[in-house]
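Scrolling down, you'll hit the structures one after another.
Both complexes below contain chain A, partnered by chain B and then by chain C.
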Partner chain A sequence: MKKSNAVFSIARAVLPYLLAVLAAFAAAGVFIALMGFDVFKAYGTILFTSFRTPNGFVQTLLKFVPLVLQALAFTIPLTAGKFNIGGEGQLLVGATAATVVGIVFANLPPVLLIPLVLLAGVLGGALWGLIPGWLLYRFGINEILTTVLLNFVSFNLVNYVCTGPLRDPGAGHPTTLAIGENGWLPMLVNNPPLHSGILLAILVVAVVYYVITRTVSGYELVATGANPRAAGVFGINTRWMFIASLVIAGGVGGLSGALEVAGAQHRLIEGMQHNFLVLGLIIGLIAKGNNLAVPFVAFFISVLEVGASAMQRTLMIPVEMVFIVEALILVFVLLSDLVQKRVS
Partner chain B sequence: MNAPILLHMRGVSKAFGSTQALDDVSFELRQREIHGLLGGNGAGKTTLMNILFGLYRADAGEIFLNDQPVHITGPKDAITHRINMVHQHFLQVGSFTVLENILIGAPRKNRWNNRYDAEVQKIQSLQERFGLQVPLDALIEDLPMGMRQKVEILKALYRGVQVLILDEPTTNLTPQEVDALFQSLRVMVQEGLSVVFITHKLREVMSVCDRITVLRNGKNVLTLDRQEASEDAFVRAMVGEGMDLSRSVIFAHAGQDLPAPAPVPLLRVEGIVTAPAEGSVALKGISFDVREGEIFGIAGVAGNGQRELAEVVMGLLPVQSGQVFLRDQTLPHPDSRRVLKGDFAYIPEDRLHDGFLPRASVAHNLILGLHRRPPYSNGRVIDWSTVFSRARELIGQYNIKTSGPEDMGGNLSGGNIQRVMVARAFSATAPVLVAHNPTRGLDIPSMDLVYQKMLERKRQGQATLLISEDLDELMLMCDRIGVLYKGELLGIVERGQFEKYTIGQMMSGIRPQA
Partner chain C sequence: MNEFWLTIISYAKLILLTIVPFVLAGQGTMLGGRTGIFNVAQEGIMLVGASVGFLVSYLTRSNELGMLAAMLSGGLFGLALAYFTTNLRMDQFVIGLALFFIGIGLSTLLPKIVIGVTLTPPLIPTLKEISIPVLSQIPVIGEIFFKQNALVYFSILLSVGLWWYLYRTQVGMELRAVGENPQAADSLGVNVTRSRYWTAIVGGMLIGLAGAYLPMVYTGTFTENMVKGRGWLAIALTFFGGWKPDTILYGALFFALIEVLAYRVQVLGTAIPYQFLLMLPYLATILVMVFSFRKARVPAFLGQNYDREKRAL
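Then we have the complex of A and B:
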């Protein structure tokens, strides 16, 4: 009785997602067909590239690491009712800090340098979360505004570092020198190459979930997001919750940058943030801010992203098609909320 | 001698979502009668009359006026049929004069100038006939609630009514104003009008109504002439068979057997002065104490500083001078952590804004403010299995209608939200409870449970500050009552000297003769 109830309620929660995904694929399929491509072949590529070859799966995991962290950088403050749109700024500042430390202390042994590089990334990102947090705490300035604007500051910071003293003169694109090899993350699998950042990302997911659902601080974060006035009346320091959630989110965003540097690129590259911020927002919104749902949605979006590149390579369908699919999924998920409200 | 039937509602049903608000309800109104519509909160009284006034559309049922079927699809139709309603919350423009508020939306004789001679004359004759004296050129926002209600009644009379519906008209009135209202109603029925009087207070219907219809859970229970029935019959009809009346506090026949409080002050408030601010009343030097085992009441018409006083005691509102003491310890001020520290429990007046988490579970709501202490947590990690089992107990004990502790708060109705507020506050077992309108929106068994819990606190030597707009509630429960008027405590009355007219005078600003 109890168990079937739980199964039923999970089914009820998942069903609108399935419908939304189907509807998004159907709608985008119309466009693909109109453009004169084979819809089923396209979708087959998108959905199964990740699972057909070891390389595809590793690519998916590598995509998953920054995406899940960017999504959490958005949903952690969202739990407290605040919007962090500064994930890419936090990623870039974290990556910059990690690169600088990785170059300056290149001669330290790995046991010291790897944690140091990662810590530098976390602190750099946390600083980029602290600034909007403090402006909100002290002056009540809207955090959406400040987090977005700080992204642009970070672009220029990266530009400066990549073209300044740490520039790699041999590269054709603004790029720094490589960090010391002692700072590279150890490999889990060498061929295809998979670095150990995935373990850290999963650890972060688990810790965030535990803290928010089990601890007193997590409870206060949820209460603050649910009704800041009532939370304040009953003794919770809501302004502190706002600032803390933004700083932690910044740290997570910074970690995503540090992992890109220490694991994937081994250097700071202008433009390395790709569209991780927007995808993170889409993941967070599709998950409706539920921190437990974030890793699953993030994995699904990673599959689509990897499939998209394969689709472009083999079928010549532009990758932007998948971006349309992702956005449509979000639209249909939001629509399903409305429909559910009407029905019940 | 029965007057002919003016209005007949037959087989009216109405559902809101999955809750059946009205189920096959019938209602008869005779000419020249005051008909009391009695029932607890959620009984469906207001819903039934909102259907008559055209604010809701019934799912089923017919309305007959003078034996002719009528279709009312909006308030405009109701007004054409000379049916009008005075709502619990007045619909008035604060910055307009009384005259402008009465005339708003009514047809004008000459709409091209600003002369209102004919209209003023008509209003003045209504005022004289029904004893509803209000200065026509005063601004609404300057008037006390009793006056504003007269404006609302005049507004209805001016449009011409044969059926006047009053929804809980005595809520914000002093006892003197209630008496005046009842006299006006008497004159109205003598002049040929019929009045529907919605209330949950038995004493009021017994004193003014000719006939009484009792609703419970959206169903007709009975309709009786006042002379035909005893008070007991109505009580039984209102609460149903499920409630144990012998343990009831509300319907206890003998006077309350309240144990006397110990003479030790537990909560002391001294010389509280707050800054005047837009939209709030400044407190002007308030001092009182609440002793061990005492229920101390604050009476007053709403908006005389009750909310500010509650927030000062809870440490939420900054003060200019004055202090709050707990057992002779000065409390730091302002300090919103009084609930967290375990010394205070709080039932806020504005439950939606100040006390409730709509986007969190019922369990989350039930532990708000208690979440840092045992049994719910060790200060770092929340023990959810204890929280859930305690939450299930509270849901059962306080009869909170929800699918379970994991249900979202936003799914609860107003009355159930209030039950959550109450369950949380009493489960805290704090030495001091500040309860602001704790029974608002509760049905009778739940109200009674609140009173029983307050008496339990009293027996355990805990202090309760009960701020209420319901004078009957205060006189039933309190050991002493302080009367608040425009931010001042005009006096404190001891139990045994409770007399509703003296308290009523103080509520309207008249100082007691010392």
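Then we have the complex of A and C:
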């Protein structure tokens, strides 16, 4: 009896998502068909590329690492009721810090250099989260605009580093020199190449979930988000919660940058953040800010993203089509919420 | 006139030319906010406006049609925002973000479908300078103020018109009431739903037009993410313009001044790497927020959705 109840409640939670996905695919399908493409072939490619070959699956995991961390960088402050739209800047500053450390200390042994590179990334990102956090704490300035605007500051920082002192003169695109090989993350699988960043990402997911659901500080964070005034009355320093959540989110965002550097690219490349920020926001919002739901949604979005590139290669349908599908899924998830509220 | 004065004049002219996207997007944001609709999709709507405006100008060789199309697409976003927030009463910030995402996607998708990938960037004619007869003959002032493109004149007249409408007419006052206390406005016979719809739609049109200005005046072509945060800056501008048309116009001058400084000083060549100059608009905005945000006057009902059937306390 009890077990069937649990199954029922999970089904009830998942069903609206399924309907939202179907609705988004249907809406975008009309558009794809109007453009004169084969809708079923397109959707087959989008959904199954990740599972047809080992390479497709590894590509999906590689996409999953930055996306899940970017989504957490958004949902951690959201737990406290704050919006961090600055994951992109935190990624880039983290990646910059990781690259600088990886180049300057290139001769250290891996045991020291790998942790140093990752730590630099986390601290760089945390610093980028501290600025809006402090402005919020000290002056009460809304974090939404400050986090966004700092993204644009970081773009110029990356352009400076990639074309200035650490430039790789051989590269056509603004890029730095490679970090020392001792700073590269060890490989889990060599062919197709999968670096060990995925383990760290899963660890972060687990720690975030544990801290928020099983510790006092986590509970205080949730209480702050649920009702800051009530939380304040009960002695929680809510302003401190805001700043802490933004700094931690910045650290997580910075880690996503460090993993891109140490695991995937081994250097800082202008534009390496692709559309990770926006996808992270979409993931976080589809998950409705639930930190446990984030990895599952992030995996699904990674599947779509890998499928999108394959679709562009083989069917010549622009990747942006899938991006619009993802945004539509979000809209339909929001609509399904509304329907549920009306019904109950 | 010597070299120095000529430089000053050319800079003043350039600053006035640069206020347009800020004024249009700022006034568009302000208009929606005056009925309680807080649009945060500016960046996305401007991108769509830039993309659609560019494409239509490219295909028809007519900037006017391009601007019209950009306004139409911006208006559609405004309509969607009005429907989702007014009829469905969804969270304004979240649905605004969703529209922002759709805008990013559409803006790069459309050129890829319509034009495809080309080796050289496809170009459109840029907006022509219009000299106002007689007035443009005045020394210095004529050169700065009366030899500009049509949208410079339009954005200034629009600001004056909006100020007049909101602060000197009965309907304008009623509109402001909707953003302050929709319950009271409703009880006095103001149609809250209708005013929210039209302000969101017209606001969206202005923001779309602001986007179209970028390819039509600055670059002559559309590039990915060419709005470069101007949509977000417009939100900041609206806040420290106190949601008033006149102060938004003055604030836009400040934004334009910083932008001209950032982009033009690098041409002169300085010891500072140009990337740090390009950070200026964003850093300056954050700094201004520190000093002015707490004093900013905001419509009381901003960002909230009105439910007619709900009891008033």
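Note that the second predicted complex is superposed on the first by the 344 of 344 C-alpha atoms of A that agree within 3 Å, B and C clash if a C-alpha of one lies under 4 Å from a C-alpha of the other, contacts with A are read in each partner's own complex, and residues count from 1 in each chain.
Just so we're on the same page, contacts are C-beta pairs under 8 Å (C-beta built on N, C-alpha and C of every residue); 3 or more make two chains touch, one makes a residue touch a chain.
None of these values were measured; they are calculated from a predicted model.
Superposition model on chain A: chain B and chain C are shown accommodated side by side without a clash.
With both structures placed on the common chain, the touch criterion links A:Gly36 to neither chain B nor chain C. Looking at the shared chain after the overlay, A:Asn156 reaches chain C, while chain B stays out of its contact range. When the two complexes are overlaid on their common chain A, residue A:Phe234 makes contact with chain B while staying clear of chain C.
After overlaying the two complexes on the shared chain, residue contacts for A:Phe139 are found with chain C alone; chain B is out of touch.
More residues of chain A are touched by C (comparison of chain B with chain C).
Legend: residue contacts after superposition of the two complexes on their common chain; A:Pro109 is shown touching neither chain B nor chain C. In the superposed model, A:Ala226 makes contact with chain B only, not with chain C. Contacts of A:Gly172 after superposition: neither chain B nor chain C is touched. Superposition on chain A leaves chain B and chain C with their closest Cα atoms 8 Å from each other. Remark: chain B residues 17, 314, 316, 336-341, 346, 348, 353-360, 364, 367-369, 371-372, 377, 379-382, 384, 409 touch chain A in the complex. Chain C contributes residues 40, 88, 90-91, 93-95, 97-98, 101-102, 104-106, 108-109, 112-113, 228-229, 232-233, 235-236, 273, 275-276, 278-279, 281-283, 285-286, 289-290, 293-294 to its touches with chain A in the complex. Only residues 214-216, 218-220, 222-223, 225-227, 229-236, 344 of chain A touch chain B when the two sit together in their complex.
Those residues of chain A that touch chain C in the complex are listed here as 35, 83, 135, 139-142, 144-146, 148-153, 156-157, 159-160, 163-164, 275, 278, 281-282, 285, 318, 320-321, 323-324, 326-328, 330-331, 334-335, 338.
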